[in-house]
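Scrolling down, you'll hit the structures one after another.
Okay, so chain A shows up in both of these, paired with chain B first and chain C after.
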Partner chain A sequence: MEMTVEQKGDVSVVNVHADHLDASVSEEFKREMAPLLEEHRYILLDMGQLRFVDSAGLGAILSCLRKSGSTGGDLKLCNLAKPVRASFEIARMHRIMDILSTEEDGLQAFSR
Partner chain B sequence: MIEPQELRDLIRQKVRYMLGESGDSLTPDHLFQAIALAIRDRLVDGMLGTQERYAQQNAKRLYYLSLEFLIGRSLGNSLNNLDIMEICREAVEPFGVDLEDALEAESDAALGNGGLGRLAACFLDSLATLGMPGFGYGINYEYGLFRQEIDNGYQVEKPDNWRAYGTPWQIEHPSEAVFVPLYGRIEHSLDRHGHYNPMWMDWKVLIGVPADMPVVGYGGKTINYLRLYSARSSQDFDMNIFNMGDYIKAVEMKISSETISKVLYPSDAVVQGRELRLIQEYFLVACALRDIIRVYQTDHEDFSEFADYVAMQMNDTHPALMVAELMRFFIDEEEMYWDDAWKITQAVLGYTNHTLMPEALEKWPMSLFEHVLPRHLQIILEINSRFMESAEATRPGDNEFLSRLSLIEEGPEKKVRMANLAIVGSHSVNGVSALHSNLLKTTLAADFVTMFPDRFNNKTNGVTQRRWLLSANPRLSRLITDTIGPEWITNLAALRGLETFISDAAFQEAFRDAKYANKQRLAKRIKELLRVNVSPDALFDIQVKRMHEYKRQLLNLIHIVHLYLTIVEDGQTLETPRVVVFAGKAAPGYWAAKHIIKLINSVASTINADKRVGDQLKVCFIPDYRVSLAEIIIPAANLSEQISTAGTEASGTGNMKFQLNGALTIGTLDGANVEIKEEVGDENIFIFGLQTPEVQRMQMERSYQPWQYLEDPRISRIMAVIAGGRFSPKEPSLFRGIHDSIMGGDPYFLLADLGSYIETQADAARQYNDSDLWTRKSIINVARSGKFSSDRTISDYAADIWHIEPFID
Partner chain C sequence: MKVLVADDDAITRRMVEVILRKWGYEVVVADDGDRAWQVLQEEDSPQMAILDWQMPGMDGVEVCRRLRSQTERPYVYVVLLTARDTSQGLAEGANAGADDYLIKPFDPPRLKMRVNAGLRILNLQSQLLDSVEKYKKADAQLELARVREVETGAKIQQTLLLGLPPAGLQGARIAAITSPSEMIDGDFYDFFVHNESCFDVIVGDVMGKGIPGALIGAAVKSHLQRALSQLIYNDRGQLPEPEDIINFVHKDVTKELINLETFATLCYARFDHAKMKATLVDCGHTATIHWQPARNATELLKGDNVPLGFIEAERYKQIEQRFEPGDLFFFYSDGVTEAQPVYGDMFGVDRLRELIRRSGRNEPHKLIERVRSAVIAFTHSETFADDLTCVAVKVDEAPVGAPIIHSEILVPSELGQLQTIRTFVSKCIERDEGALFDDEDHYQLLIAVNEAASNIIRHAYQGQTGESITVSSDLFADRIVIRLLHSGTPFDPSVVRAPSFDGTRDGGFGVYMIEQCVDEVQYLRAPDGKSTIRIVKRETIR
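Let's turn to the complex of A and B:
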């Protein structure tokens, strides 16, 4: 799974270059995210290319959120397509993490 | 209005470009497909036009949720409703295939078991005819209700792969597919504000793909749709599972997902407590809600007006999960407060109860719920907790009251009571006949009436006269229209105009001729299917409905045995030759009902072969009862059997169809029979048997003693013959079990009603011999059937419950 990182001030914008985050790739996602979580305190995950996230994908993101929180960092999401956002809402994960419409909103959320 | 040549050209095009045929030698099936495809374009135009009209008017919409829609064939119905049947007949002449044969080539869409499913189909017809924005939501079962074959007198079930070769009526919309989560677990967490946040994780995903079937209102001005969902595994899911390398497992998982919409559960009036059924119910509800929200959100920013623009009716408790699903959506996804969500949910939902029989009430083990729908279970428990608080405040300290009301039934295995959930979650709860709605309030729902006195109402069932008279009985329809004009087609009350012609000799003769021709048609079908000759001059005495002990096909059969014995043992001649027709399916697991089918066939074989009986009495069990067969059988009836034990049949709708077609009813004061009697008058119906209060008293006192009825020598003789093997000489004890069920603890009081039934049948037979009298009474029945149009029923629902209006150009 390809991910690119762009530093914008304190925030590392991680772009996920995949169209699905589900059972087949969730472990790989966690493995790719692990060093990024250690290196970067504030991560904004740009989900713009994803068109499908299932519960395994949600579980992987949850695990990243917790890892980030445990070291005093934070993980936020932006650019979710409607069906992807729906998955988060079904799981009520939007109540425990910030999900922003655009990258700009996401960066602003970190500065608050 | 399309011209015959234009339609002919369209059909020719479809033959060539859709079917790949030259048109030189078409089969009836080719012609059916081509006609359907030719008119389908118009139907699509009509559907889209109707949708635009509703959108422009910002119409409030009604969504009718049902696990069953017993549609039958669609081509004839559509041609009639578009008023182009004769145009089509002319259009297809050059193709060398009769239109009737093409119409016969269509398979029934049997996505339902019986009355409940057929009611849903009649309702869609009426909604469209009345120009109301009403849509059906259901499941696109690949296999409908099983085909019934009879082998050695026994029912044998065969699969009904109704769209094996496709259907011209469905338009798939893959772009509007929705995803449905299932299973999983709840992870307990706190949200950002420190509040409890239950997260529904690790669910599996099903995809629901919709296909729309057009529903043509009479006149063609309004064409609504029935949206049916098929279950698929997600494409992504497929690709990735396959990529993971276990090909066989991938195929198994894909098949497992798609099983959800594979087959209709074939039980009528009895609960199937299987996990797959629960998943089907949730699948429908989840798909429907996503789609309803999609439509709503095209015009609305938030959900503050949801109840002003959306009404949903739950057809029985099968879609009752909508209560929990609405709450889940509003609270989990839209972050609403509980009270606001609950207010909207109740304002949107209505619930129709169809039965008081305990075995038909859905109760799901809590453990199953926890496994399949953990978040919904949490929500239901919360609904219950709040409801119990309110109940406690109403009757402090009355634990029995609370226990009866609770959505959770306590016991070794706790269960979720879906009827209680549906009642609590709706602003309206209705029964389906005056008698039933009253019984609902005084028995099953009595405690809920205490809590919500204004919530309960009655909406007597109805049937669409377009299918059940116009289409099924063209001869009678033509006579009626020639006599009083066509208004009855959209306003059944106009049939009252026939009362002027009750004693008109010419009208009477034409009426009799129409009935006779229908009887000839049925006689021909009986000959084709059963190789039995029946005379159209005989009294056609017909009982066609699902096989069930409460409907008492057995009572009818006992009467037949009585008639047989009077001929062969008493040497009597029947005053009135009679043909008794049965048809109906038994649920595959319902041993007792299947045994009754065997007994009917055994009695039929014996009687039909007995030369001493000759043409006095014939008995026929016509296999594979379905809508298209009903359309042949019902118009041919003289006597309509509606003989359930009083208090068991919530309404019936077959009773209304027979009345509409000029049959006289012999029946108990049960369900809508009560209202039929009110409409036609005591002298124009044959009522017999115990009434509901007497049945209830005997039940409470446990005072029914079948053995005491053996004092009547007629009855003791009949029972001896059934038990003794007269109808099963090779297996003499075959029907001993039926004998024993009648004689010991029979909850349906057959013998208590038998004496009265025999007398009333004799009276009916005598009256049949007076042709003028019978004809007059038949005309009166037709003339006074206006109340039982589903147009009236839908108008009542629309005014009282849904608050929707017609939108006609």
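Let's turn to the complex of A and C:
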């Protein structure tokens, strides 16, 4: 799973280049994210390319959020396609995650 | 009692010390203000202080002022010794918080008067503190009793007041919920199934809150059961009419209810699928809503009887209503229609009718959830002033016949195949020209099938590859049925821990998400050892 990082001020915007984040790739996602979470304090995860996220994918994102929080950092999400957002809502995870509609909103949310 | 005597004049100090000891007091002495302050800060410090006004270091007034600023420490009764008898001086002492004063030189009787007065005040104060403490304890116990009452009430409601909607009926599907208000009240419902095609629904509401309300509700319910069995016995096995049951109960309970100064509203409804007829007795309950999709209209069913417990002479009469396949009956407590935001009108029966007319095609549990959400949105509040009780009875639609399209695939048990399975499900739906599902429902179905397959691969097969899963799809005019067949360990959803929504755990979301996304999910096991997860999603009308 390819991920690219773009530094925007204090915030590192991480682009997930994948069509889906399901149980077949959730472990890989966690592995790829681990070094990024250590290097970057504030991460904005751009999920714009994803079209499907299942419970394993949600679990992987949740574990990243916890890891980031435990080191004093923060992780926010942006650019979710409508169905992907539905996954978060079905599992009621939108309540514990900061989900912003655009990258710009995401960056602004960090500066607050 | 311990008394502090602080004076830099050794003679006065000694004199007071000796006198007080003679009177039975424990005495601590200090020869300047700083030492006096130190003594007063120690543990088990004196409760009374006789302080010379003028001392080296802190003077008596300053010691007093500092004592009064320590509100969290026990009160110290302060007597100032002064050589100047001026009102200005006295005012300064009083402002610093001194309780009394004594002008030097003084004789023992004067000292005794001052000390006795202090002792009396200290005693009174300690009695007062004791009673306050007692009141606080009593108050805490009362609060605990109140909390227990609410808990007991909730338990009564769950166990005695609310029947379980019968599942697996032929010809109808039923759903029921109650969202209790902060105070328990006596909303109740129950279901009597007589045979495959005939069952009764009872929905009631007792006037009065708390445990009394709940107990009366439970009593009315048990009277209904007794009436039913007694009348069946009297009539040699014949099923009594709803109005006979209610009149029997009325005879038993109305007098009691009048004595208790309470009443119960109730709707007793019988559904007979052989005759496609509902028979209702309305005891002053909210009007039942009958939604008829064929006419796209709702009708309010209302009798003209009063609640149970109003008038002893009342004769209860039943009303009859024909129904068609696909019709829906909606029973509710006034907590729904009388829900009200802080400022504004009540939710009202018209709003409820319109909501049911628009959403009636949904499964009963979904419809109820919509009503609940609508009430929450309307009142801007997740807590209710009154219990919110809804029961929906949906008459089965006319049979839709054989599936239009059947398809199936066989995939190896690998997580990499989840994508293949999702593509398969999407293709099955896309072959339907009538477009059963919109994008949102389509995605929900994908989630459900994906989670079911993922559970089979990860848990039933425990990650073993080389096994396989058969996924089949049957598309009907109004629903899709997906079956996932496997030969791994049967999956038991009841052992899965509920997900934690606060983010403290990653797992447990799969089973929960399946239930949220589809109308039915069953975990079946065939005698040959193979297991099936069967998922049904019905057409949703938005």
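Definition applied: the second predicted complex is superposed on the first by the 112 of 112 C-alpha atoms of A that agree within 3 Å, B and C clash if a C-alpha of one lies under 4 Å from a C-alpha of the other, contacts with A are read in each partner's own complex, and residues count from 1 in each chain.
The rule is simple: a contact is a pair of C-beta atoms (placed from the backbone, for glycine too) under 8 Å apart; a residue touches a chain by one contact, two chains touch by 3 or more.
Since the model is a prediction, treat every value here as computed from it, not as a measurement.
Of the two partner chains, chain C is the only one that A:K82 touches; chain B does not reach it.
Of the two partner chains placed by the overlay, chain B and chain C both lie in contact with A:H20.
Shared-chain residue A:S63: touches chain C; no touch with chain B.
Looking at the shared chain after the overlay, A:R112 reaches neither chain B nor chain C. Residues 20, 22-24, 52, 54-56, 58-59, 62, 83, 86, 90-93, 95-96 of chain A touch chain B in one complex and chain C in the other.
By the touch criterion stated above, chain C contacts chain A in their complex at residues 414-419, 422, 439-440, 443-444, 446-447, 450-451, 454, 457-458, 499, 501-503, 506-507, 509-510, 512-513, 516-517.
On chain A, the positions that touch chain C within their shared complex are 20, 22-24, 52, 54-56, 58-60, 62-63, 65-66, 82-83, 86-87, 90-93, 95-97. Interface residues of chain A, counted against chain B in their complex, comprise 19-20, 22-25, 52, 54-56, 58-59, 62, 83, 86, 89-93, 95-96. Residue ranges on chain B touching chain A, taken from their complex, read 179, 181, 184, 189-192, 197-205, 234, 236-237, 240-241, 243-244, 332-333, 335.
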